[in-house]
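One chain, subunit A, appears in both complexes that follow, with subunit B as partner in the first and subunit C in the second.
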Partner chain A sequence: MAGLKDADDFRDGEHFKGGGLLKFLLLGGGVLFAIIFIVLAATGGAEQEGGYSRSGAMAYSWLFAIVFFLTLSIGGIFWTLLHHASNSGWGIVVRRMMENIGTMVLFVLILGIPLVTVPTFKEALWEWIPLKAALDEKVDARYEEGAVAKLKGEYEAGQKTAQSEFDAFKAQNLADQAKARPGAKMALSDQLAKQEADLAKVTEHDLSEGALKEEIAKEVYLDHHDGNYMLWKKRGYLNEGAWTFRFVLYFIALVGIIYALRFWSVKNDKDGDPKWFLLQRKWACGFLPFFATAWTFLVFDWLMALDYTWFSTMWGVYLFAGSALNSMALLILVITVLMKVGYLKKVVTPEHYLLMGRLLFAFTVFWGYIAFSQFFLIWYANITEETRFYLQRNAEFWNMYTILALVVGHFFIPFLMLLIQQAKKNLTYICTASAWILCMHVLDIYWIIIPERGPSLTDGGMMTIPGAIWYDVIAFLAVGGIFGFFFLWRLGTASLFPCRDPRLDESLNVVN
Partner chain B sequence: MSENRTTPFAYIAEFGSAPELYHAAEHVRDAGFKRWDVHTPYPVHGIDKAMGLGKSWLSTCSLIGGVTGFLTALSLEFFTQVMLYPTVVQNKPTNLSTIPAFFPVMFELTILFTAFATLIGLCAFIMLPRWNHPLFNSALFNKFSDDGFILVIESRDPKFRKERTREFLEEIGAGEIELLEA
Partner chain C sequence: MASDASTTDQPIHPSEAEGVAREPLVLNNRSMAWVTDRICGIVENRQPLIWWVLFIPSVLLAGLLGGTLVYLVSTGVGVWGNNQPVAWGWAIVNFVFWIGIGHAGTLISAILFLTRQKWRTSVNRASEAMTLFAVVCAGIYPGFHVGRFWMVWFLAPIPNANAIWQNFKSPLLWDVFAVSTYFTVSVLFWYVGLIPDLATLRDRAKAKLAKVLYGLFALGWRGGNRQWRHYEMAYLILAGISTPLVLSVHSVVSFDFATSIVPGWHTTIFPPYFVAGAVFGGFAMVLTLMLPVRKLYGLEDMITHKHVDNMAKIILLTGTIVGYAYIMELFISYYSASKYEGDAFHLRILSGPYTWAYYCMFFCNVISPQVFWFKKARLNLWVVFIVANIVNCGMWFERFVIIPTTLARDFLPGQWGYYSPSITEKLMFLGTFGLFMMLFLLFIRFLPVIAIAEVKGVLPENDPHHPDWVKLKEKRRAAAAAE
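Then we have the complex of A and B:
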């Protein structure tokens, strides 16, 4: 077949230069908005009408911005891992871009650290943190007033009484047995054994300090008026120490995975030694479970726990589906922009667009499937603990929002747009679809986080915080600008495609 | 195997490799033949372009099937469960808001009808349910399922001429050529 491309012609790769002004603008804009955000958040401690503080409202804005850009980079990690794990050949030329998007996870997570460390932020976002802190304070107060010693004294006194009562009973019982007829004697000895077992229960009660403390804590947590049964049951998972520690683990896992893969991939660019390629393939399969676990639990900790009483087992998959879909949309847009300014022109063909468009279509359907399944299971089961999430998002303003943005905008429109095969080879068309999907994803993440803001901050008093949308915009621009800057910088640090990958030939000449 | 096998059915030509067949297909396409086909042991990428085939209409069949299935399920459920005999389940409304409950059936019927339409459409396009085909009488043709790259030009083609077509096939690099009579 005529016109086959030879990978040897592409050995030196293409290096991204320029973007200097844009980089400067993005960083300048991002930092400017970040400063505005910090100033507003730092001075927003005063209580507004309705009982919320501006800093609290802004915590949600920051979480929204961080999670949106986090999903993009998570998708980048996923596509890189999937590419290696499935031993794909078609996408070698776009794989470096997946890696570039994936490595942004480092910067986004660093920007997200304030959420985990600043007390104003985390107490506004995650209600369980202040609630649990208050309960723990009560428990500590009980400890300080000597509740442990008191309880121990009570138990010991109880044990003493029980022992003496038993002794008396035993003496009487033995005396009775001596007099009784054989049948009655047996009944009496049974009675004695039963009493002895009851006594053992009392005397063998654990009186160690740890056990007594636990008992007191349980009493406080299960108090009918001020206690919290959920927090008692979930204390092993939802407590600040474990929660912060888990964040460190997620950070190490997600950043470590993508940086290792990209490191080997760039090494391969230099010497073309296939061992780097094999290393990536081998490790990608091992990384996959860690990646999936880290992301699933990260969204449990950050998003599902926005309402600690609510749970959905679909949650991790739901966020994952959105991430993969939108990372692919971003990938298509980035590749197209690079081609428009003169890079990758000989490398990427409409065939690659068709393949990426298919994945975009597949994940549009996957997202719709997961989103609907999550809703459907909760809707028809109609259990109070679960329906809260959707009730809140179907009330007032959010009802139309859910229908228009998610059902129509996020699923039906992209579904119909991407259904046509030829359209996926048309650059303008597929880029329009990708941009549309990205915009809808912003609305999706907004829908996940922001409806919690009003009710959480005002104790159910307000559905939405007036004017808070501007904080969301500022946070989005701040994180977006910094994200864009680092992305452009990242583009320049290596060739735009893995130029000495052993299977570059296969990818260059891919035909559907 | 009747006695008067005198009408030619097709020329069967064997080529040495997939690229050779690919280029031969381009020549046949440019020569303006209409009733012809290629047969290979494995799928050859881009052969549809070399043969000048347009986009298949099969996807249209699938689409029609899908839409039919979707509307069938929608109307079936809506007319029976909402309009004719409203069924209240778990105190859920019986109006347009009941629609989430209908989605699984709509989804299933869409897929089922799409699959049927695709299969039936495919069979119709390639005229599949048939007992036999004259090409099966040729030993040369049967090599396509082993190591042969076969090009067949049928005599139904308006450009088919007994001598000229053979010369043409030789010209474009065919190895063994057989005139199959039926």
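Then we have the complex of A and C:
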């Protein structure tokens, strides 16, 4: 077996040490920027010219930074799940890094908690929250005015009148029936039955407090002047209680999935028992539907609902495609940096790069396919309910941005770069492509979130808030620094590859 | 810790442990000669009785298809049951149904080839053939819907005396391009794959005519090094070209609906959802065909439980993706608060005249494949066969739910209608099954149903690094010595 590597030589794995200074710099930088961000956000409540506040503008910055790093870790979870579910063997040596990237979801989501808890932030980001709160306040005011009792009184009075009218009608009707010919008698009794049914509708009207409250709320929501039909229709889904509860569920699902898998994977490092391997495989399949559901609805709640009137069934898939692509790009970069500083040198080979490069290529195309399909169908059908999203992004500044950053930068350039087969084995080349893709992904997430912040299309043609980009940079550096710190810390907590995985042999010697 | 393990009998990396070890793709240590004999034997020996029992009715049904087509052309397209408001009836349902079935072939041959899924070798040939036959069946519908079949070339943008120029803005024209490209590339791919095997058949043929014909189509294949090098490069390039086609064909088919503004048709998830559905339906048809073939011709050692297991898993995966799309559609119809969307789906699942079709579809496509979560179900061939057939039905119902049921409840209640297929449509659909089966049975009769050269490529003998190689050799030597 000359030339083949034996997994037994790698049984102890490799442990990441050092990086202390970098860790310190990352954490220090991250925290410093976070403090600057907090100070600026906390003092920026005043309304500026143009109808926005600095805190509100900064909420978008924070969301942008959180979502960018969240997509990276979501991709990490996806690749770990996919590797197990597809019974793969090639990527064992890089799987630990997928797990490491995936576990970052915990820290990113924790950093994201202010978005769903700080009122200034969530009211600035999700327009439906203040709108709905205002309507609910009106509803409450109506309740306090005693509207429920009043309405009840009206209904009861109505019922009483109806009953007495019916009684009179019935007496007359019965008297008429007694005198009438058989044919006419039937018509009269039919009339009576009809009146009785009508009465039943009135008297059986639900007068419970809940039902009456609902009626009053509906009246307020559907008011022609200040109401909001959409929010009434969507109240079962878009209400703060359910929305926060869902965030908790996403948190548990996403964090639980990747922590369980990494826990078993690290356990396997210690005793090499194949049961851990089987456990991971089995559960990865079962986790997939939960992962897909949690991620889909998380991006519905956080990103699609930035404009609560807009909707697209493809939205979850779009965000998923970008996450998987960019997590792979990050994986390639991380592995290369580790190799440059002396780790994983005997473990990772150009064959692994070729495979990772192919996946990068495949997902570049998949992202392009999904992004194009979503745009194309909305553009082609051209119906008011849906076009708003692209209308905003295909006008003035954002139009050029879309074409350059997304069409050319995010698709055509990486597509052409990665088309060359052998170049994927060249570390410099593939890392350039990965870094480029990551930068384009920053622009993609920026494109999703930031146009929602700018004053609207009709507002003097101004599409962005001048100077607000610096808040985005600060937020990005803050979250990025903290993300980097935890990632470096995570690297040191276990071997850099699953050193006792039963299929390590296969991965070490992979050829394709 | 590591040293503890090395002192015991436990291997440090138990790559042979249960559930970890890679299962062999050909069972019972079959030799290369056995593979050739067994596969060529299907072509060279007399067909079993059951082949004739299936072939004769298939030919009759294909004849019935011919009859209905003659009737259609001589009478006019009015013999179909579609009319306003349901202008698209069974014809397009069946077109999409057959095109969808045609997807598994390309997926297996191209995408699984590029992702180095070696288990594809035992099933790729038959599924590619199935793809071609399914596309032939699909093509009949758009071809004949023009009424005068000889005018069908008007669909293509060819300058003509009547100055008819195609509407490039219409997805229906893109369909013409997409399907014809797909068919052409699939034929090429299939044929290129066949060349070495045709040469094998040529070399073994005893009858003069067979020798000449197989020889003609084998294009002078001698199996030399140079030939193999060129061949493999051609195959790789064709796989690369076919892969985007897997996505594009059904995406374009989905555009036929999704570019419209009809609620229930216009939704952004349609393209990937159609592609997943097509792969789903295609694999179900592969299983429907290959499970009997496997049994009938004794191919159990090449189409093993592992293959069936993998295909069942793909069905589970794609079925669940399709379920995701159904649920997204329902959710967005609620979430959008769009009256039309809401009504369309209310009619589809609660109050419309075709709710039964929706529930049939949902059960067949989403619920029934869930049994494949259990290994026992995946290993029981009867369960697999039954579920595959339920899925076949389900995918037909999906297209039926999308097309006529949406049109039957248009924007104007005054225009609402109900669609029932005419007898001609029903017989035509039956006839396409006859044509499909007939072509497939002829394929079994005259061409190698499994790719001989490719299966040999996954035998342990072919892999100098195969861990079983040494063991295998010893076993063989011992067996030879015993004889």
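Everything that follows uses one rule, which is that the second predicted complex is superposed on the first by the 503 of 512 C-alpha atoms of A that agree within 3 Å, B and C clash if a C-alpha of one lies under 4 Å from a C-alpha of the other, contacts with A are read in each partner's own complex, and residues count from 1 in each chain.
One rule holds in what follows: contacts are C-beta pairs under 8 Å (C-beta built on N, C-alpha and C of every residue); 3 or more make two chains touch, one makes a residue touch a chain.
Keep in mind that what you see is a predicted model, and the values were worked out from it rather than measured.
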Query: Here subunit A is shared; do subunit B and subunit C fit on it together or clash?
result: clash
- prompt: Which partner does A:Ala141 reach: the first (subunit B), the second (subunit C), both, or neither?
  reply: neither
Message: Just to be sure I read the superposition right, which of the two partners does A:Met230 touch: subunit B = first, subunit C = second, or both, or neither?
response: second
- prompt: After superposition on the shared chain, which partner residues are touched by A:Tyr380: those of subunit B (first), subunit C (second), both, or neither?
  reply: both
- prompt: With the two structures laid over each other on chain A, which partner does A:Pro502 touch: subunit B (first), subunit C (second), both, or neither?
  reply: second
Message: So in the superposed three-chain picture, is A:Arg11 touching just subunit B, just subunit C, both, or none of them (first/second/both/neither)?
response: second
Task: Mind telling me which of the two, subunit B or subunit C, contacts the most residues of subunit A?
output: C
Message: With both complexes superposed on chain A, which partner does A:Gln422 reach: first (subunit B), second (subunit C), both or neither?
response: first
- request: Jot down the residues of subunit A that show up as touching in both complexes, subunit B in one and subunit C in the other.
  value: 1, 380, 382, 511-512
Message: Can you tell me which positions in subunit A touch subunit B when the two form their complex?
response: 1, 372, 375-376, 379-380, 382, 421-422, 511-512
Task: Would you mind writing out the residues of subunit B in touch with subunit A in their complex?
output: 19, 22, 45-46, 55, 59, 90, 92, 100-101, 103-104
- prompt: Hey, which residues of subunit A end up touching subunit C in the complex?
  reply: 1, 4, 7-8, 11-12, 89, 229-230, 233-234, 236-237, 270-272, 274, 277-278, 281, 285, 289, 292, 296, 300, 311-317, 358, 365, 369-370, 373-374, 377-378, 380-383, 385, 500-506, 509, 511-512
Query: Contact residues on subunit C for subunit A in the complex?
result: 1-2, 5-6, 10, 12-15, 17-20, 22, 114, 116, 244, 247, 251, 255, 258-261, 266-272, 320, 324-325, 328-329, 332, 334-338, 373, 465, 467
